[in-house]
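We call the chains A, B, C and D, going by the order they appear; numbering starts again at 1 in every chain.
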Amino acid sequence: MVVVMAPGATDEDVANVVARVEAMGGEAFVSKGLSRTIIGLVGDVAAFHHLNLRTLRGVADVHRISDPYKLVSRQHHAERSTVRIGPAGRQVPIGPETCTLIAGPCAVESREQMLEAAQMSRSAGAGLLRGGAFMPRTSPYAFQGLGLKGLEILADVGEATGMPVVTEVVDARDVGVVAEYADLLQVGARNMGNTGLLQAVGEAGRPVLLKRGPSATLEEWLMAAEYVAQRGNLDIVLCERGIRTFETSYRNTLDLSAVPAVQATSHLPVVVDPSHAAGRQDLVVPLARASIAVGADGVMVDVHPFPDQALCDGPQALDGTALRELATAVRRLPPALGRRTGAPDRSPA
Amino acid sequence: MVVVMAPGATDEDVANVVARVEAMGGEAFVSKGLSRTIIGLVGDVAAFHHLNLRTLRGVADVHRISDPYKLVSRQHHAERSTVRIGPAGRQVPIGPETCTLIAGPCAVESREQMLEAAQMSRSAGAGLLRGGAFMPRTSPYAFQGLGLKGLEILADVGEATGMPVVTEVVDARDVGVVAEYADLLQVGARNMGNTGLLQAVGEAGRPVLLKRGPSATLEEWLMAAEYVAQRGNLDIVLCERGIRTFETSYRNTLDLSAVPAVQATSHLPVVVDPSHAAGRQDLVVPLARASIAVGADGVMVDVHPFPDQALCDGPQALDGTALRELATAVRRLPPALGRRTGAPDRSPA
Amino acid sequence: MVVVMAPGATDEDVANVVARVEAMGGEAFVSKGLSRTIIGLVGDVAAFHHLNLRTLRGVADVHRISDPYKLVSRQHHAERSTVRIGPAGRQVPIGPETCTLIAGPCAVESREQMLEAAQMSRSAGAGLLRGGAFMPRTSPYAFQGLGLKGLEILADVGEATGMPVVTEVVDARDVGVVAEYADLLQVGARNMGNTGLLQAVGEAGRPVLLKRGPSATLEEWLMAAEYVAQRGNLDIVLCERGIRTFETSYRNTLDLSAVPAVQATSHLPVVVDPSHAAGRQDLVVPLARASIAVGADGVMVDVHPFPDQALCDGPQALDGTALRELATAVRRLPPALGRRTGAPDRSPA
Amino acid sequence: MVVVMAPGATDEDVANVVARVEAMGGEAFVSKGLSRTIIGLVGDVAAFHHLNLRTLRGVADVHRISDPYKLVSRQHHAERSTVRIGPAGRQVPIGPETCTLIAGPCAVESREQMLEAAQMSRSAGAGLLRGGAFMPRTSPYAFQGLGLKGLEILADVGEATGMPVVTEVVDARDVGVVAEYADLLQVGARNMGNTGLLQAVGEAGRPVLLKRGPSATLEEWLMAAEYVAQRGNLDIVLCERGIRTFETSYRNTLDLSAVPAVQATSHLPVVVDPSHAAGRQDLVVPLARASIAVGADGVMVDVHPFPDQALCDGPQALDGTALRELATAVRRLPPALGRRTGAPDRSPA
């Protein structure tokens, strides 16, 4: 931590800062410039926060130097992690050596729709199946999902087609039941700051897919992951899904810079969801290709056998034709970048 | 709803849209321009959403015309509402005729701190007392609040100083206990999209203070209020607390345009929290004055007897001197704008 | 300046930074923490920039400590400035003791329209008259202004109604001719980064009204003012006019926090333009009141005798009724805040 | 155009809108819903703007339906364009069949530096050489470029290494001299709204590289291109270079969704500049790969033989090692996506 004193700060003001830091057991190094004095603090940064240094007379600014997250940082865990999803023997990896396709409909609507979407996804190279049973909607009048029945369908279809399944949990009270059916628990973008939910999934004994909030900084996103990790669960996959900007031609602006930037600072794998970012089908395949090329550890897309009949987000769902185009990219690009496509482990159990 | 056809759309494409709308029981009015055809839809807008018109061949765009919220809209409830907080006989109003000051510390830290802050607040003209017991924090390592003990202190001090109290509830599972102690339940900015929590406070039998999410549009904010209202609770006070922008000189950018804009479209009262928006004390009093002048129905500020000892957000808390400056504005400005300062009802019970 | 070394930086890396700084004539103070080393730099900050310290091995980050602007900073010019507009003997002040109303139509359309708008403005308490002759438009197909003829009308009407005039200059090549007619040269929001224009108005011998760019940080805005100041012209009035955000209910989001924040760091006066920020008439009067209350040194509004016939920005122009409402605020609020309304000097010449 | 009437609009209000539209020679189609009436307008949209329909009694909103740009739209020019840069016989194409690498230092510093950077760039597969002579800087105290001498060096080195050159022009008064030396005139991000400059380059007889403003919508960007096109110059290459968001880990947030979205609506080629977007070297190669994969028609990167000695933007410049990594991507990815790397034409002149 660095304390920057105001130009008019007195020697007494500087001494006051130093005294408080030392009373907390820290060390304070004073550098006097011509117009400004700066004080470098060494010791327990968390404790320094309680000093409210910014409120002291003569203090102009306080800069934090080190990252506030610890468990998810690469600082003490330099190697990038691989998270393995699904039952032993047919786990699907998400990590630095693979690029895993996650596909399926936005919402589970019926067994038939789900099965058809799953078969399409599998043919395209998907390793994991997605589908929403509890739907977080902006409007209380929109389709809210099939709930428990949706979970059962999803799990059955995942079993039938050989793909572990991922689904969203929107309420801490539902974590138990969702964890019975899902292999990967998704925390959605609008719940990234719901700390009760983060703690509940941190204790559920399942890997977690944590979406970035639509206006979250990278640091806030990693702090949300830290909430999960702190409860003993380090099997976290981060998912970039677009941020809110002023542009209205697409729903959100996919932030692909976040992928290498987060991979540089955290050991957790990072996947990208171009479907929810774009909100329109014609951008999904180009953005999925870009996601693979930027180095994402996986890509998650919406798929629907009949987008015009979808109960949720039809305009962004890939149909068969678009999905085949994506399949080509999923086959060709990862090898060109030194990765393999993520699929169930073939190693002897 | 208006459907805009693409320049190359055929007569068949237009007929297809019309047929689907009519099959849903709606009417479709076709306007053929030189290069474009537009189709005006009349009927059940919610049903039209399920048509996924955007996915149909020849459709370029779909514009929604009417507001998606109903219960909180002024369309069928033209008069602006007043929400009354606290026990019968000494309720404090928040509505178009008053400008109510809500003050208190960010976090309840101890009985002494709370009592002192309450007395300062009351002297400054506050009608309601605030204080956090369950704290939503970005970092799992930050002070998380005193919990139940904090609620008890807050309620006692509110009772002792004659002010109804407002406190945040961060988890749907805590709504019951918080509602036992609090007169006004706050849903914080990062939980604006937590629909389970919105529904729970909608059923708790207490007025709700709903903060705007830091990147929420006005429409999304009102849809969150609609979630509360749909559960039968229309005693909702909206609170603008700053949005996230690129500017780093203050924590958030207070959006005062939102106050008259929301008041024009919703009947709910709107208050402003300049403390959390600014994150620095020197901006709080000017922004509080501006909030009153723009027509806010109330202002909520952080107050602490000793900001340098605060366990939470010390740098933004008003101390005694700044609070007295605010008190002057709270006394002078509302009358100059045709309002009175919000205080307990003096009407015979 | 503070250099933060990466966790794995070696002693050699630290020594390399120190050596480069010392070779530039600076001093480097090293503070060694448990996991990080920080180096405080003292000396010529501008020179340090050329060291590209961020590119050196072991350097994690470089924080600048002091403001990059000098001439417009309060650091060496603590007292806030007053800029005086217009010919000697009837100058209108913009500064900390007054709150000056600037009003007039977006565009000069005809002598009649201009005269009527000027009389309305004057009745409402305006001290300065605005009107556009060279119009910066997003579309090349929109009305581009009357040019020289518009300048003549504006100057004549200003003379006839006793108000100094302000008008925009959009091209460095036009600065000479505009300066012949205008008392205050406006640099528009989209030209805030047009350094050639900034330098040209800096040499024109007239006060400058510098609008904030729609996505400019406070620091960038002050750096643009520094470009003007560096050419010898310190008669600069800053104008906040809204920033671009994700909200679409109004054209831009007026950032009133900028007013006290800039006044704290720069000695230049700051006025606010709520008309261009909001883009809709119903928000202009509330936002103008808020601007006065937040401490703005002036307010600038669009006025048109017949908004439905305006050639530019009709939907945001105040008509007679709305203007009278504003006039009340301009009369009442400044005195309640210890200021007088800005009007021509009545001091003996 | 669609006019949406307010819920309380009267028949007279509707008739008034219709009458005004018809007086302008347009047609108005009225669709009456249960709670709202909408009016579809057919005819000369530009003329309708002058009606100020938004200011009329009973009008709630006005939606524009068609794009406001014409010359750069695909509507009347469906095929995507290829712009050819450089002297006849060795022109370098930028268009849908190629992916062209543009590389070079941010600023021309000396003949030696420029020559070395050019040779590095050429080895990496660059078809065009970049280098700044007139530098737009946020600070008046920063290096402003070598000016005319820089242009001479750039042109000489381009000639010597066989690459056409691109350089920025920051002032309309400099267009003539820059056009004598440069094959492609760059208009920088902060000048995207400088209409005088846009018109000047539109008349200069050289292709133009138009960067997107850091907070420009796609529509505003294309309107800026329309300003150039309207002066008779359709040889325009658009360049995405990042938008301003709240994220501070990188300088700007590269918006790769803009590439396919603009290509869908405009026939102009689109290239991407990941160096200025990221502002840090470690993100440049991943983002360049993503740019190619998303379908950009070219990529422009900063290159410097010794980034730690660069006079401008050293921290983002690729050194030899990073450039070789990029070269691999430039060789492999375009063919995997059905394109060839952009290089001088080998077709017989």
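To be clear about the criterion, a residue touches a chain if its C-beta (ideal position, glycine included) is under 8 Å from a C-beta of that chain, and two chains touch if they have at least 3 such contacts.
To keep track of the chains, here are their UniProt names: A, B, C, D = 3-deoxy-7-phosphoheptulonate synthase.
Small disclaimer: the values here were computed from a predicted structure and weren't measured.
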Pair of chains joined by more contacts [C-beta pairs], C-D or B-D: C-D
Most remote chain, CA-based centroid, reference being chain C: A
Centre distance in Å when chain B and chain D are each reduced to the mean of their C-alpha atoms: 40
Between chain D and chain C, distance of the C-alpha-averaged centres to the nearest whole Å: 27
Residues of chain B whose C-beta touches two or more other chains: 215, 244-246, 248
Touching residues on chain C, where the partner in the complex is chain B: 215, 217-219, 243, 245-250, 253-261, 264, 277-278, 282-283, 286-287, 289-295, 329, 332-333, 336-337
Residue ranges of chain B touching chain D (in the complex, touch as defined): 2, 4, 7, 29, 31-36, 38, 40, 42-43, 61, 63, 65-66, 75, 244-246, 248
Of all residues in chain B, those that touch chain A in their complex: 46, 49-52, 54-56, 68, 136-142, 170-173, 190-191, 193-197, 214-215, 220, 223, 226-227, 230, 244, 280-281, 307-311, 314-315
